[in-house]
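Given below, in the form of structure tokens, are the structures.
Below are two complexes that have chain A in common, paired first with chain B and then with chain C.
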Partner chain A sequence: MLDEVAADTMITQTSDSLYTQLIKTAGERLSSGTTGSLDEIRKQALERFKAAGFPTVKNEDWKYTNIQPLVNQPYALEAEPISGGAAWEKARIPDLDAYRVVMVNGQYSSELSSDEEIPGLQIMPIEQAFERLCFAKYFTAYADKTDNPFVALNTASFTSGLFIEVGKNTQLQKPIHIIHVAASANPFFSQTRNLYVMGAFAEAEIIESFVTDDAAERSLSNHVTEIMVRENAKLQHYYLQVAGEQSNYLNHTEIHQEKHSLYNNYNCSFPGAAFVRNNINVRLGDSEVESHLYGIALTAGSQLVDNHTIVDHMKPNCESYEWYKNITQDTSTAVFNGKIFVRLDAQKTNAFQQNNNMLIGEKSAVYTKPQLEIFADDVKCSHGCTIGQFDNEALFYLRARGISEAQARILLIHAFAFDVTSRFANDTVRQYVEHLAEEGLQ
Partner chain B sequence: MLSIRNLHASVEDKAILKGLDLEVKAGEVHAIMGPNGSGKSTLGNVLAGREDYEVTEGEVLLDGKDLLELSPEDRAREGVFLAFQYPVEIPGVSNINFLKTALNEIRAYKGLPPLEAREFLNRVKEKQKLVEFDAKLANRSLNEGFSGGEKKRNEIFQLAMLEPKLGILDETDSGLDIDALRIVANGVNQLRTENNAFVVITHYQRLLEYIVPDFVHVLYNGRIVRSGTKELALELEEKGYDWIKETVDA
Partner chain C sequence: MSTKDDALLKELALEEYKYGFSTDIEMDIAPKGLNEDTVRLISAKKNEPEWLLEWRLKALRHFLQMEMPTWQNFETPEVDFQDISYYAAPKAKPKLNSLDEVDPELLSTFEKLGIPLDEQKVLAGVVAVDAVFDSVSVKTTFREKLKEQGIIFSSFGEAVQEHPELVKQYLGTVVPQTDNVYAALNSAVFSDGSFVYIPKGVRCPMELSTYFRINAENTGQFERTLIIADEGAYVSYLEGCTAPKRDENQMHAAVVELIAHKDAEIKYSTVQNWYPGDKDGNGGIYNFVTKRGICKGDHSKISWTQVETGSAITWKYPGVILKGDHSVGEFYSVALTRNQQVADTGTKMIHLGKNTRSKIISKGISAGVSQNSYRGLVKIGPGADNSRNFTQCDSLLIGDRCGAHTFPYIENRNKTATLEHEATTSKIGEDQLFYLTQRGIDPEKAVGLIVNGYAKEVLNQLPMEFAVEAQKLLAISLEGSVG
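Presenting the complex of A and B:
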């Protein structure tokens, strides 16, 4: 019986391209008025997406990352859940004590989440937050100003997601660990939308892991997260990409910072997910703002990990610091595109960017592009980029002291990643990431 | 302990060692001297297992074990230690972590459990004192920012920590001032026992004033052309390498 249903779905899938299917479904939902208060926003977003379509490699932002083969495959827009999956446990971080939030195929799971009352903290499925004041204020306020067509598509037709509000003056005692599980028995295109609001003087740590159920079919997630960091708030934000090969991700994270706030992003990808595209845009929207973006991508097989970041200095006296490291094995590809804007108003900006690459696989590739656009005249901006390989002299030196070749490589990878890992605010996560780096090394 | 017979080795198809023989017994110190380009450093690198060097003929036995069959790490675990002429700087690898990894891998090879953290640190302290190496090692990357002298002393310190059977010193004296030279030599002398042996590769006689060898060999054109006691080094110092070249080439 199940087989027949699946077969039926397959037929509708193959008859319509993903594009047509998405436009049709979004249009139907809008005309039936099921999304209520968001209808107008969604309609406009749908028009924007229709005008842009899926990007091709002719688009500069997608030059090295061909999305076409992925979006030209058939998907269902409804997940077929896999029962009894405990895949979220793959995201367990040893010794981490955290509030757990599990999202299965984009849906909040109260069963798997720790689901406890924490004073000053609101966590709920995004569809329950539509009527909240801060939702109305910040939803689509910044992300939809970008020209990423996947944001427009997401706004038009996201089906689920997460809303987090850390109240004014609230300092969370434990990190929030959000686990995104891909666990659909059919090929699934998911669209989730998150909004995190850090109230004034709030402090929190959000760790997001991406995992795949072993029984899951291929999937493509279009994931948009908007983050508002209000005055004097501090947010430490980790992305830990440890999903399976059949999972593919388009993640857009748009951060807007107010005066005296701090936002740190630690973006780590490991062998697994075949396709990962992260857009991380930080808007330093007022003066005295500090932002740090750290990244490690250790890739293997034929994986592609593309990190596109924008650091947008809009006001004076802000500081940003960005350091990305890529290690490519086998035939994998890593892309780093780091754009820094220093707007006319943003005098006394201090912006730093560094990208280092280690090509291990002889047929692996790295594309890296720093892009600085500076309109203010009293600023300090520096950027650098290196591409190298394993240092054979260092390798021999370590081996000549009795250290095995495998262990020597691990030491050298740790050494390479050290500039980034040493900046991790959370020591437990740092150890976990170092362990993943060891495991991911062949 | 070390037995080298008819060793031929080449780099990029260029023959460097052309039939080298050497016997080293436990408790002995052998000096290898020779003009530039005679193959001195090649010998050290071939013994340590550097991959750029190809052994085309001959054998090398360490206590009866065929060294040439082994990977560089297994040679080290069997007790070969090459003090590098140019120690490598490795930013991001801490001195302490490196030493602990090396020591414990060697111990594991011998079927010994890893050293307790305290035991290890005591040993570090003791050996640092022994070789007069007072550089702060904690929180510092391997050889990073070390002066030339500190790097060489770090080599001897590592040697003290790992307690090899056979220590090969590849021009450890090059680039050292007289004080550093004395400290390095003193360290080696402290580490000499009747169970280990040293091969000291040097261009100059001056190191041998401090590390007194039992035998001196002159390497020229890939072969040992003359062997003797420490007096040979003095004779070399006096007459220069041209004297050797003339007598051999004649």
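Presenting the complex of A and C:
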């Protein structure tokens, strides 16, 4: 009994300590004036985070995702880098020719990144971008309007990150491959902030991979990415989550689209990282905008993958299309929460959302909440959701034709994922993802 | 939107609530306020046993500690619980033995509502009615006939006196006093309601029905319905409701509990037509109801059907706990909101037993500046092998200032379960309207036709006599609503 009490109090203490540690460090940095021009923004964000604190499961957005055990552990706010640093190779995509950007523990690594000069493309650590015009214009412009406390925390105290600007009319020949490596020898809480700006008529493809160094200690990364897609710009954006078990992620991506723009997000998670929470919010800020969100999560072990998306139709004549697939194995949990908003007067909106789940693991769980909030009448909106498992008849059909059970299952998973993978704009990435899906199946 | 539509919308807004009269009758009304004395007073008025008083007090104590929920998709009105009278009854003779003793004023009220309490006047043996006026049951028809088969159909108060053991055994087993704020409030101050018990193997020969009428001012209606179907029994039950037009909001916080034993089936239908308030949103009933059934035994079935057209705010989620293996839960709903009305309704299907099945069909229709939400939960427990759910929730929007929302929660922890959910939102098809008007049907009738077709899947579930009524109700509520 006594031990229990002791253990209890200890947990609260350490929880307090990460919270107080964060607040203290952020406060110190602010008072020492090292953050420069962002002081005021950071101060306000810190106040917002202080008011909200870490969310609990009582908070509707965190109902199925308990982050308390995660933030109740001690972390250092400074990483102890691991030498060697070949972990980024794990993210290599066969046959992919891309501009490479490697971020180690959230820090831009100039020696590991490719150093080509590309006309119209600016890639730099975010700290160096503070004085740029478009930074001032778009930084915190949209992400901080959401009530995600982790965004406020990130704004208040991010230490590093990446700034990408694809200039007006620039069409990149090769994709940008960003590799986030978790490689810290101590338990590390990282706060990374990215801002990507797509100029008018620009076209680009950004692939982001998440990997972990084998020697890395556990880590929790609070990652906020803001993306601005200007008029007529097109962005294909991939998230490939292949990190190791000791890595945990809180990713918030906020996209704002201008007229005639296109944004496609392909969000793939595979067995590995113990805890992954993605918030992907797309704001269709003007008319004639198109957005596609595709997701596939194959989970194993005791993983938890939680995808929260918001598709916000703010103006008329826009189209959105969302399709998420989850496959849960073992005791893993998949959460999907998809919100579609159609604001007042956003007439002629077409919004489609689909979520399919295969629950394979004996003790695995699927929690899904596809929701629609519609304030305009001339719209076509639908959502669908299914939960099922391997179709025994299909399995039998394949086995009767001499295909082994394992092969048959792989085939069926391919078929299940096909709705999503077939939409991939990049064939090389599609093949890579299909291969990962195959490997991830037991 | 065309001007023609505008004109029709205006007309719709002006459509009168035809049950808005009030009855001038001598009433026995408890003083306003909520405390232990109120509860004791109600309990004493009803001559209740000690255990029930204790049960009520426990609920009250719990209620006083509870906070109002904030998750709902509308602004909860500030309700001053001390400004409501918790007991109102027509002053009448202590015990009514025959219809002649019922106040003629009351009889004529129900007559006006189309609920004849005179058994001779009712089509022989089709429906047995329990009429509840404000807080108390006025008259239950066909009691003797039902008694022959061992069926108990009486007001809740009578059941407490005559069958205390049954009431004690089942009361609060499906909706505990602590379930939610309004269930706790109801448990503390409920005044009457209906009680039904169908014995083993009996198929109830007629539809049972309760008719609720709120009349008095500044009162809340808190009735409690308890229906028990013993092994192999069957019952179909219907409730209907109206209230006079008043400028203030009135509260209706009922609790309904259904218990289906092995092989039993309960079919519960609601046609809800409380006063919805005027077109500016003044007045109207707050309909905050907790309804839940439990399929206790194997192969049992509970089916909820609701047609919701009234109330300023409707806030309820009739649910089924599927505990017995092979049990079945169904939910069919049509919710129509117009003017400033708000509906936040849906269902909860909790699958616990093996091979359980549930089906949810929800049709929302919003017009004017109303907000209509579907909120549902489908939960599959780890032990609910091979369970199956199908959910369909559609929304129809009439006018460009209304809202339709869907919040489905789907939780699955069993690998053998199969779940499907689908939802669509759209406005009335221009092509459908065109097709009908082109054939000489005026737009108003065309909309009625389309909406009835849209809601048909649900209306078909109602007992025949009420399906007709519900269809008319939808048509009246919708009159002129082309968008």
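Things worth noting here:
The criterion applied here is as follows: the second predicted complex is superposed on the first by the 426 of 442 C-alpha atoms of A that agree within 3 Å, B and C clash if a C-alpha of one lies under 4 Å from a C-alpha of the other, contacts with A are read in each partner's own complex, and residues count from 1 in each chain.
Definition applied: a contact is a pair of C-beta atoms (placed from the backbone, for glycine too) under 8 Å apart; a residue touches a chain by one contact, two chains touch by 3 or more.
As the structure is a computational prediction, the values presented were derived from the model and not from experiment.
After superposition on chain A, the partners chain B and chain C are accommodated together without colliding. By the touch criterion defined above, A:Q347 lies against chain C but remains apart from chain B after alignment on the C-alpha atoms of chain A. When the two structures are aligned on the shared chain, A:G361 is found in touch with chain C, with no touch to chain B. Looking at the shared chain after the overlay, A:K380 reaches chain C, while chain B stays out of its contact range. Of the two partner chains, chain B is the only one that A:H414 touches; chain C does not reach it.
Touch criterion not met for A:E89: it reaches neither chain B nor chain C.
Of the two partner chains placed around the shared chain by superposition, neither chain B nor chain C is touched by A:E28. Once the two structures are superposed, chain B and chain C can be ranked by residues of chain A touched, with C on top. With chain A used as the common frame, chain B approaches chain C to a shortest CA-CA distance of 16 Å.
Chain contact summary for the complex, chain C toward chain A: residues 71, 382, 395, 397-427, 483. Those residues of chain A that touch chain C in the complex are listed here as 60, 64, 344-345, 347, 357, 359-389. Across the complex, chain B is touched by residues 391, 393-394, 396-405, 407-408, 411-412, 414-419 of chain A.
Chain B makes touch with chain A in their complex at residues 48-51, 71-73, 75-77, 81-82, 84, 87-88, 90-93, 97-98, 101-103, 105-106, 109, 141, 158, 162.
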